[in-house]
Every structure is written in structure tokens, then in C-alpha cells.
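A quick write-up on the structure given underneath.
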Amino acid sequence: MSTAAENILSNYSADPPGVIGNLRRLLNTGGLAGTGKLVILPVDQGFEHGPARSFAPNPEGYDPSYHPSLAVEAGCNAYAAPIGFLDTVARQYAGKLPLILKLNNSDSLGGPADPHSALSGSVHDALRLGCTAIGFTIYPGSEHRNEMYNEIRDLIAEARDAGLPSIVWSYPRGGKLIKDGETALDVVAYAAHIACQLGAHIVKVKPPGANIEQSEAKKSYEKVPKETLAERIRHVVQACFNGKRIVIFSGGPAKGTEAVLAELREIHAGGGYGTIMGRNSFQRSRADGVAILKSAIQIFGK
Amino acid sequence: MSTAAENILSNYSADPPGVIGNLRRLLNTGGLAGTGKLVILPVDQGFEHGPARSFAPNPEGYDPSYHPSLAVEAGCNAYAAPIGFLDTVARQYAGKLPLILKLNNSDSLGGPADPHSALSGSVHDALRLGCTAIGFTIYPGSEHRNEMYNEIRDLIAEARDAGLPSIVWSYPRGGKLIKDGETALDVVAYAAHIACQLGAHIVKVKPPGANIEQSEAKKSYEKVPKETLAERIRHVVQACFNGKRIVIFSGGPAKGTEAVLAELREIHAGGGYGTIMGRNSFQRSRADGVAILKSAIQIFGK
Amino acid sequence: MSTAAENILSNYSADPPGVIGNLRRLLNTGGLAGTGKLVILPVDQGFEHGPARSFAPNPEGYDPSYHPSLAVEAGCNAYAAPIGFLDTVARQYAGKLPLILKLNNSDSLGGPADPHSALSGSVHDALRLGCTAIGFTIYPGSEHRNEMYNEIRDLIAEARDAGLPSIVWSYPRGGKLIKDGETALDVVAYAAHIACQLGAHIVKVKPPGANIEQSEAKKSYEKVPKETLAERIRHVVQACFNGKRIVIFSGGPAKGTEAVLAELREIHAGGGYGTIMGRNSFQRSRADGVAILKSAIQIFGK
Amino acid sequence: MSTAAENILSNYSADPPGVIGNLRRLLNTGGLAGTGKLVILPVDQGFEHGPARSFAPNPEGYDPSYHPSLAVEAGCNAYAAPIGFLDTVARQYAGKLPLILKLNNSDSLGGPADPHSALSGSVHDALRLGCTAIGFTIYPGSEHRNEMYNEIRDLIAEARDAGLPSIVWSYPRGGKLIKDGETALDVVAYAAHIACQLGAHIVKVKPPGANIEQSEAKKSYEKVPKETLAERIRHVVQACFNGKRIVIFSGGPAKGTEAVLAELREIHAGGGYGTIMGRNSFQRSRADGVAILKSAIQIFGK
Amino acid sequence: MSTAAENILSNYSADPPGVIGNLRRLLNTGGLAGTGKLVILPVDQGFEHGPARSFAPNPEGYDPSYHPSLAVEAGCNAYAAPIGFLDTVARQYAGKLPLILKLNNSDSLGGPADPHSALSGSVHDALRLGCTAIGFTIYPGSEHRNEMYNEIRDLIAEARDAGLPSIVWSYPRGGKLIKDGETALDVVAYAAHIACQLGAHIVKVKPPGANIEQSEAKKSYEKVPKETLAERIRHVVQACFNGKRIVIFSGGPAKGTEAVLAELREIHAGGGYGTIMGRNSFQRSRADGVAILKSAIQIFGK
């Protein structure tokens, strides 16, 4: 039994054994098994940005069977996707690769003026498809905050009741938040904290910048070390219940391999629990996608 | 057993046998039985555009018994209509011609400012009437996206539980989409992909134009072949999980026979799974309506 | 057994015997028993327009017992009213005069900006009061279309399950519809068609004028005969599934006896299934009210 | 409006109008319409005694369409049968001939040692089939009394809520009751009283003999006139809330026409509300069956 | 459209189109399509008598895929089995071969003293597996009659609501019935009649002998022709609502081919609707099994 993973699980002492068991599966799969760290492959970009913007760079990605195969080859802990993609692969991968069902999604064609993802799956779907966790996106900052928080309140409760942990994508966006503010250190830390407070088992945020967005917060950040990304990551981990909730970081838009890996090293140095890397892997060729995921695993496995 | 049809069914590996059985019936009925291709007769235009605009060109169409009789004579795979039309013919046709109950509908007299069809039937109605599938329209692009996606999420789940597959009409419309943008290649491919991600078993979209609407998508489309309709159809099929979900195309407004058939040949050449042809068949005389449907069947049967 | 009535019932082949039995009662009561025609007395004007506007012309009408007594004396097929009026008379008339419970109502004091009647009764009330059918008003054209269609979808299903047929008052109103447009031929035919598509067993609309409101529909009406009211009625009957759904017509605002009867003769000549005559009967003296209803019955009994 | 029928209905003052309306239909149908008397045709003998014992004497009776046709021709108030027989004729007769769905039945092949009929239909079936009342058999005297009384308690409540009256067949049988005791005056009166106390709207018992079965009751019967059947009927009517509940009598096993009619005259003389005559009508030829039912109607119509 | 099949369907006038559609599928599949006759392959013997007693004579039958393949090759109308067997083959056969889910089963190892099968499946299972009908066994004669009739009452209602017809295996057994009595003419006809009265759409009984078991019934059978099996079959058909309900016959224990076929010829001559032949087909070699089923189909197709 991995001490690192079990130590993390001991932080979830109010959850029933079913939830713990699924978290344990997540932590004990792939190249990072037992380390307490996670590299997850998420593919909801087809829904969020459109199929061509997502898959034209590497057309193999149009085929839903490509992604879990990539995740397994690279040694990821899990694969996350909307219901349609999972419907086509769950029979083959359930019980082999942890699957995470994204329960809400936005597209770029329409929707409400302020951000609010549409429910696209259910806890029952996650059980039906043999998933290991549910995923859900909230947009702290949006006018639709209350609907979203109510939705995730109900889904976390329902998922827990069925033995499933909840992973919350927490993206500050909408309302009065300006673009730069979305990744400000205070805002990212705040958004991560909200997700933890709402009961998320795992939180996913973007790597924070060094700026502070909220004027009321500026004084509080005077003494917080924030020059390096590692320092800022450390603050976000602190905001996640002093590290008692798992927080992982996305890599954001596709960029050069070295830039990605440098960022991951900082995340690791700052105590981040891992990364969720989509476009930076599946938009490369298969060989390059496997390589970059393996590099990420190597970084977090140190 | 048709290899073509069975190969398609193998893509729906997460669905229970009841759903597979009804998809099999759809694929094994009429002149295209076993080919894996579909020609479906839909008649919801009376509801959507008004009775005279729909049926004045061929007044036999005012009578609900006309349409399933046309579908059977021509050898269509199925007949789709709202509850009122099916109530009058289901006793005679259930178990003979696959019936698809359209569960939501819009009329041209009123409704919300941004597009959102009204629920007009239920999964229980589909069982009561002996239907083979449910149908549902979404309008990606509309402000009411979330309500629509939530409705179809629930209906797909309820229908699957009752052994019924779901066919989603995906029409980009509303919000910031301009008229031309509704049939842009990127928008149609995106709308088709969304329907697949929401769990649709069969998707119905309009044939796409060569224009690209979303500025963010333009770069992704630089290398996508899109000059001929066949090429564009091929891209939409790719966007439907690399062809692992059935996507069929409507013919749009009534037009000349040769124009219709030329379009269908391109759809077939591009790997489209078939067509859903309403006004171009039932607004002609019975002889001409049968003839054009049979021509469509011949094209897709090659 | 009346052949005329039984032929009509054969069009409702998807309904259970309970619904057929109640339709049969409607068709086999009063002076028109067995003819397949209907003259119904509706009294929801007190709710809709206020008591004095409704009953001051003939103060006997303030008393709820007046109206069913009038309906019986004249030989009407049925009496329709909101729950309050029926509560006072149902014990005396259930099983003798078919009662129709109007399940929604609007008043002229308030309500939403665009038309949407309030639910005022339930299917259970209809059973409790011994009713033969439920009644419901929709306003095609209103922004609240979706709420109304969803309500009637659920009520028709619940009523059918309890053996009760559904009568839909379909009044185009609200949204972009101008006053004149509400009775335009294309709009009335469309509203009647929508009610049939939603599953109504009987539809009630206003007699249509000769104008065409929707510009998109004008071409379709070029060859539709519409000079006389009889011709226009014939088109509305056609729009009601080629006469396979019962459509009856209101007389509209109170007017002179000869004007009313002339209109009814046209409705009959055009193949309309009858009339629903409220203010033109109960706002007259009892003798005159009975007389005009009997004249209506005589016209449709020919 | 018949004074006789309306006087009877006034005894059911706690029931909702729906129940009153259906009782009114029962009382206002056929040759006895308006008299407050009932002649009902029941055909559950196929279930209770087997098809050949029931229908071999007149093989037309094997066909379920025979019986309602007989009831209509003779002018009966209603036709009662189990769900199977009603399923085949309800579409044709609902709304024309009051149908009574027998909700429980026994067969002569097996079942519990002490009498207890099996539930064979539901209140929902009665609504679905357009029935006017439900029927139910209890066996006072059986060890299974409590199960039966609990069942009828629930069914009467559910039926009332749906506007349906309840008719209880009350047959003392089982336990310590000897064969002769089942028709003893005290026992029949007691069984009829129990049915009324359980909430039955109409009670059906056998004509009582002059014997007194219960030793504890003998003293009470010393002064009760009981020499003639008419006197004994009068006592049973008295036991049915002094005539405030409708009680009707069966004719028992098939016998000669004159014997049947003589018995009916006594029932009428004693104030009985009518008869439920099965084997004595449908086991004769059609002409004779119609004749004896008409004679019964004539007797009670006096 | 087959007139023979459609005439039969017209006897089910109270059922919704969904039930009619599934009955139509049963009647329009296989070598007897359109004739109104049925040859069904049932394989619940493994459950009822044990695997070796069932499949040792032809060990291919241990494999659940053997039986539907046999049914298709021979041209049967349908295949009936418990949930376990259907779970393994439904994905392959749903929508191709009508599947009947047996919802209750007995084994020979234990169970209640008097016969009462255990519930082993649900209506939801039938939908999930894409079945065309449910099957259920009752044992008229058993002390557990009431539990069984209550179970089938609820299942028939639930199945009808989901568009599924019900097939009732009616085996007189238990209580005071002696072995010989189980196949006595009066008892078989009675058991078939009970199933019809309970609402079965199709009844399955054993071919009756010439003996009369119930002393009370002997007189009724004096004039019933019963010397030949054809005559006795005719009487059972008569007991099934004069042929308005489909009744099919089993062949009973395995026997010689000629004996089986001779029996089937008599069943056909007597107007029986077909046969359900299990052990006499699947316990032979595949070639012989196909041959005997084809012979049966030939007999009923005449």
C-alpha cells in the first residue's frame, strides 16, 4: 500500500468507503501509481471549442477511441470526457482506465450571456459507464453562480451517495471579471478554495499569474511570496485546505514542449498534485503526445 | 445479417440490447435494409410552418394517413412526426413501419425570442404508440442552450432506459449566429459534434456550405478540403466521432428534382449515412413523391 | 348506434376505450345526438371578462345553476365551465349533461404581459366532478408558448390515462400577432393544426376571416378558396387532419340573432363539426337563449 | 329528471359528484331508466365455474361480444364482467352501456382453503375501459375476512377518488358457516349490512331463506316477519341502512322461467332494488334470454 | 398487409398501438409470417428441469446462442427464455427475432409445497433486452392462486403501459388436482379461459385429453364433441373467447417425430393458433431440430 496515496486519502475522512475506493483507483493507476500525484487526460475540447479547432492538428483525435488509448499508452491516471465520447469507449476501458464523466459542458456557438455550462450527463450515466469520478465546471464570477453552485451541491451529494468522488473545474469567469483577472493569483486561489468549500474531492484550476485582481485583497497579498510560479502554486495549494484537498493544474492553450514542461516543473516544485493536460498532448502526433505525457509523469514522479 | 448494419451497431457498445434492437429495425427496414443507410420521411412541417405552407402543394398531405403510406410505398426506413399525426396512424403502422416521435416542436406563430422548441410528447407516448425512436430538436447558438441540452439529456436517458434510441435534429440558430453562419461548415460540423457528445444515436443536420463562420476556427480549416459538398460532408462525418455516430442530412426547402438528387449524390459520396426528406417528397404528387424517395434510396443503396 | 358518430370515433384509434366512451357520450347527448355534430355551452366569461360584463345583460346568469339548466333545456351536447361554477352544479348534472372542466383561465385584471392562462383545475378535479372531458386554452403566438404546450402535453397524457378526452381552445394571440391577424385564415388554420398536433381530441377556434397574415404563407393561399366563410371553414377542417379531428367554432362577441345564425349556416356548410356558443345565448333572456341554441342545433342537425 | 332515481341518489350525500354521476348513469339506462330499479347482466361465470359449465347451454355465450349485445337488446342497466371479457368489448360499448369491472374473481380449480377471491383488475383498468363502477366480492365468514375487507377498503377509496361507485357482491361463505347457513335470513342480512358498513354503494346478495343460522340471533328474529320471500327481502333492505343503500338480489342457479319470475316478484314486493341475472338469461337462447330479462324489467318497472 | 394477421389484431381493440405493434411483429416474423399462426421456441427447461435433463440429449443446447440461432434457421415466430439466457443473446437478436422474456420460473430443487413460480425478471428487463412480449406461468389449481393472479394482473398492466403484450402459460396444477386431471378437457379449457379473463393476449396450454375431471362439469360436456384431439382443440379455442384470443399448444414431453407432427395436425385442424415446441426441437440434433420445426411451420401454414 502506498503511504503517499494513503496519506492523501486520510484527508477525506467524512467520505464513505466507496468514494475512497474510487479515489484510490485514481491514485493507483498508471505511471504515477502510488505517488499521490496525477496526470489526467481530458478531452472535452470538441464540445467546448468545436471539432476542427480541437482535432484538425491531429485528425486521429476525431475518433473517440484514440484518446483512452493514448492515456493508457502514456500511463495517465485517468481520462475525462463528455458522455458521447465515453459512450463509445466505456465498454472497452471501464475497469482498466479510470474514466471521469464531465457532467456539464459549454459550446462556443451560444448559451446564456454570462457563463453557465449546460448539464450534459448524470451521476446515473457515470455509474452506467463504469466511471471512477464525475467532473463539473463552475465559473465563479458569473451571474449564474447560484444555479451552478446549487447544481454541483446536488451532484456531489448524489455522486457521494453512489460512491463516486467529484472533480471540480473551477474557472473564474464572467460578471465583472476582466480577462487578466481570471488568472490573477488571488482570483485563482479564491476559485480553488470555493470548489473545496463546495465539497470537491479534486479541484482543477489554471496556473496563476503574479497579479492581484481584487483591490480589497491587495493588502493581504503583500507578504505572500508570489514571484515564481512555484510560489504561487504553493499559495493555491495552501488555499485548498492547506493541501488537504487535491488540486491539479491545467496547461492552458497548446504551446511548445519545453514551455509546457517548464511550467509543470514549477507546479511540481510548488506542491501541486499534478496536471490535466489535453490539447498539449492530443493535438500532437501520437508519438509526441505520448512523449509529452510521459515527461509530465516523470516530472511528478520524482 | 447485414454486415454493414451490424458494423454500425457495434459502435453503440454502451447501449442496452433494446436500443440496439430498435436501431437494427431502423437499419433493416425498407429499400435500404441492411445497407447501413437511411432515408427517413419526416412530416412536422405542418406544426413548424403551418398546414397550408406544408400541404397546399399536394393537398393529400392534409390527411395524416397519407404520409406513412407514402413512406411504405417508397421503401423509407422510417416516418417521423409529432404526436398528433402519429396518434392517428400508429395502430395501423406500429410494428410495420418504424415510427419516430418528435418530442419537441416549434411553430412560426410565436414562442420565445431566441429559439427553443416546446416539449410536445414524452418517452411514454413513444412506447404507447409503438415507436422505434424518439426525435428532438436542439438549437446550438440559442440563449436557451442550457434548457434544451438539459431536456435532451433527460430524454435520452429515459428513452435509453426504455430501449429507445434518440435522434437529434441539430440546427445552429439564434444568439449571435447570422443566417449564413447557420450552414457554415465549421458551424454545422460543430452542431453535429455537440449532438453526438450529448449522446444522440443519430444526428440530423443540414448540408454545410463552404464558408467558415467562427473567426477562431478559420485557421483550423485551412487544410480541411471543403470545395465540393462531398468533401464538406466527409468533414461532418468526421466530426461525428469519425463516423462512429450516424449522421444524416436534410435536403432543406423544396427544389427541383435534379437539384435534390445531385445533392444526395454528394452526401453519399462524402460518406453521409442518408437523408431525411420531407417537403421535397410529400409536396410533390404521390407518384412524384414516391419517385424521388425511390431515387434517393437508389443513390444511397449503391 | 349512430353511424355518423361511430365513424368519427374510428379516427381516434390510439385512444383507450375510456376516452372513446366519453367522446361517445358527448356525441350522443342532446338535440344533435348521433349526428356527429356538437353545440356546446361554455361559460367562462365571468372569469375571463368579469361578472358584470358577462351577466348584467341577463342577471339570471350570475347563478351557476342557470347555465346547465339552459344547456339541458336547449338540448346542448355539453356544458363547459371553470371549477367554481362546476363545483356548484356537478352533483345535480353529472351523468346527465356532459360537463367539461376548463383547466386554465385568464382574467382581465392581471397576469403576464404576453398571454398565458393560469392553471385553475386538474384532471383529478374533472374525475371528482364527473366530467366528460377537460378543456384547456393555448395562445399560439405568445412568448409563453413553451410553458403552455408543456402544460397541455402533460394534461392530455394524464387525462387520457384517466379515460378523459381533451378539448383545446386555440386562440392565436400575443407576441408579434396584431389584432386582425388573430383571425386571419392562415393563422386560424395554423392554430387549429397545432392543437391537433399536440394531441387534442376536439379543437375550438374562431371563424376565420379572409385575410392572410403571414407573408410567407401568402403564396400557399393563392389557390385556396376563401371568399365565403364556408370555404374558409372548409380549409380549417382540412387543416385539422383532413377532418379526422373534430373542430368547432365559437361565435365570438354577442351580436344579432340573424347574424349568429347566418354564421352558423356557413360553418355547417363548410363541414365544421359544430359551435360553442356562450355570450350569444346566456346573455339573452332565457326564452331567447333557448331559442337561439335550438336554432343552432337545428342548423347542424340538417 | 326522475324523482325516484334522484331520491335514491340523495342518500349518497358524502360522495363526490363523479360517483353520483356514475350512479345516475346506472339508474338512468335501459328499460328501468328513472325508476330507481336495476336489472344488471353479470357474466363472470366462465371465470368462476368454467367456460363449458357457463356457456355450453347456449354456445353463443363463449363469444364476449354476445353478452353486452344481449344486455342492450333487453334493456339492462349495466353489464358486469372480468377484465378479459371487458377488454374485448369496451371500445364498442363504453359510453353506451354502463360497464362494471369485477376486480376480483375465484375459479373452481384451486385457491386458498377458505374462500378469498384473487385480485384480477384495478381501478385504473376501470378508467381505461370507460367503466361506470367497480365490482368486488367479499366472503363474510371466511378466515380471510381481514385481507378481503382491507382490499375493498382500499379499492372503494381509490374508486371514489376517481369518481367510480363500488358494487359489493357479499356472499357469506367459509369458516364455520354450513351450506344452509349461507342463505339464512340472519346471515344474508348481516352480510348485506357489512357491505354497506364497508362503504359499498350497491350491495348484491342472494335471496334469503327463512332459517336463522346464528343461535345468538334467534331471539332477535322472533318478531321479524319472515314467512314469505317478500318479507325476508324487506328485512334485508332494512339491514341495508333502512333502504338508504341499494341492494339487489341474484337469482342463483339456472331454473325454470316461472320460478325465476315468481322470485323476482317477491323481491320487488319486498322493496328490493332489482336483480342481477346471469345464468338465467345468457344460458337460454338469445330470444329466451331477452324475454326473461325483459320480464324482469317489467316486474321492477311496475 | 396480411388480412389473417390484421383480423386477429382487430380483436385487441382496447390495447394501445404499442401492444398492437409488438403483436404484429410476432405474427409477421418467420415462416408463418402473415398467416395468423405461431410456432414459438421456448427454452426454460434448464431452469425448470435442470441443465442435464434438458441439454444432455443435444449438448449444443447448453450454449445460450444455440437456441435463437435454431429459431431463426427454422423460421420460428419468436424465442422465449428466462432473463439469463436472453442476457447473453439479446444484443445479437433484438430487432431481428422477437424475444419473449419469461418473468417467472420454477425449479425442481425446491419451492413452495403447492406450485407457485418465482418472479425472475421484470417489465423493465423486457424493455432493456428489446423483447417483444413478456411471458408468465400461472398454475390454476394451486393454493397460491391469489398471489399468482395478483402478480400477473400487475405485470399485464405494467407491460401494456410499456407497449408489450403478455403471454400466459396456464398449467392447471396443485391443490386437489390429480395428475390426470391436469390435462382433462374441462380443466384445460377452464385454465385457458382464466388466462384470457385475466387479460392475457396469448395463452399457452397443453393439448387436452378426452377425460372430464370436475364432476360438476360432466353434464355440460355431454354434447361437446371430444373424441378427436381436433375436436378438443376446437373446444379450447372456443373457451378462449370464441377464438378472439390467441391460444397455442405445447407438445409436452419429447416423443417421436411422427407423434409430434400428428398432434400438430390435429391442433391445426381444431383451429389452434400454433404451437410452442421446446424439448421436441432443441433436444434433437440441429438438423433434426430444424426439420421438425419446419414441419410444424408447414403444417400451420396450410
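For clarity, chains are labelled A, B, C, D and E in written order, and residue numbers in each chain start from 1.
What we mean here is this: contacts are C-beta pairs under 8 Å (C-beta built on N, C-alpha and C of every residue); 3 or more make two chains touch, one makes a residue touch a chain.
Here the structure is a predicted model, which means the values were calculated and not measured.
Note on connectivity: the fewest chain-to-chain touch steps from chain B to chain E number 1. In terms of the stated touch criterion, the partners common to chain B and chain C are E, listed by label. When you average the Cα atoms of each chain and compare centres, the chain farthest from chain E turns out to be A.
By count of C-beta pairs in contact, D-E exceeds the other of the chain pairs D-E and C-E. For the pair chain C and chain D, the fraction of shared interface numbers is greater than half, so the two copies use mostly the same residues to meet.
These two copies of the sequence, chain A and chain B, are related by a rotation of 70 degrees on CA atoms, to the nearest 5.
Averaged C-alpha coordinates give centres for chain D and chain E that are 35 Å from one another.
Centre-to-centre separation of chain C and chain E, using mean CA positions: 49 Å.
Centre-to-centre, using mean CA coordinates, chain B is 57 Å away from chain D. In chain C, the residues that touch at least two other chains are 13-14, 16-17.
Contact topology of the protein chains: irregular, matching none of line, ring, star or complete. Applying the touch definition to every pair of chains gives A-B, B-C, B-E, C-D, C-E, D-E. By the touch criterion given at the top, residues 13-14, 16-17 of chain C touch chain E in their complex. Chain B meets chain E in the complex at residues 1, 16-25, 28, 90-91, 93-96, 124, 127-131, 161-163. By the touch criterion given at the top, residues 44, 46-47, 49-53, 56-57, 59, 62-64, 82-88, 90-92, 105, 107-113, 116-122, 124-125, 128-129 of chain B touch chain C in their complex. Residues 11-15, 139-143, 145-146, 148-150, 153, 157, 172, 174-177, 186-187, 189-191, 193-194, 196-200, 214, 216-217, 220-221, 223-224, 235, 238-239, 241-242, 244-245 of chain E are the ones touching chain D in the complex.
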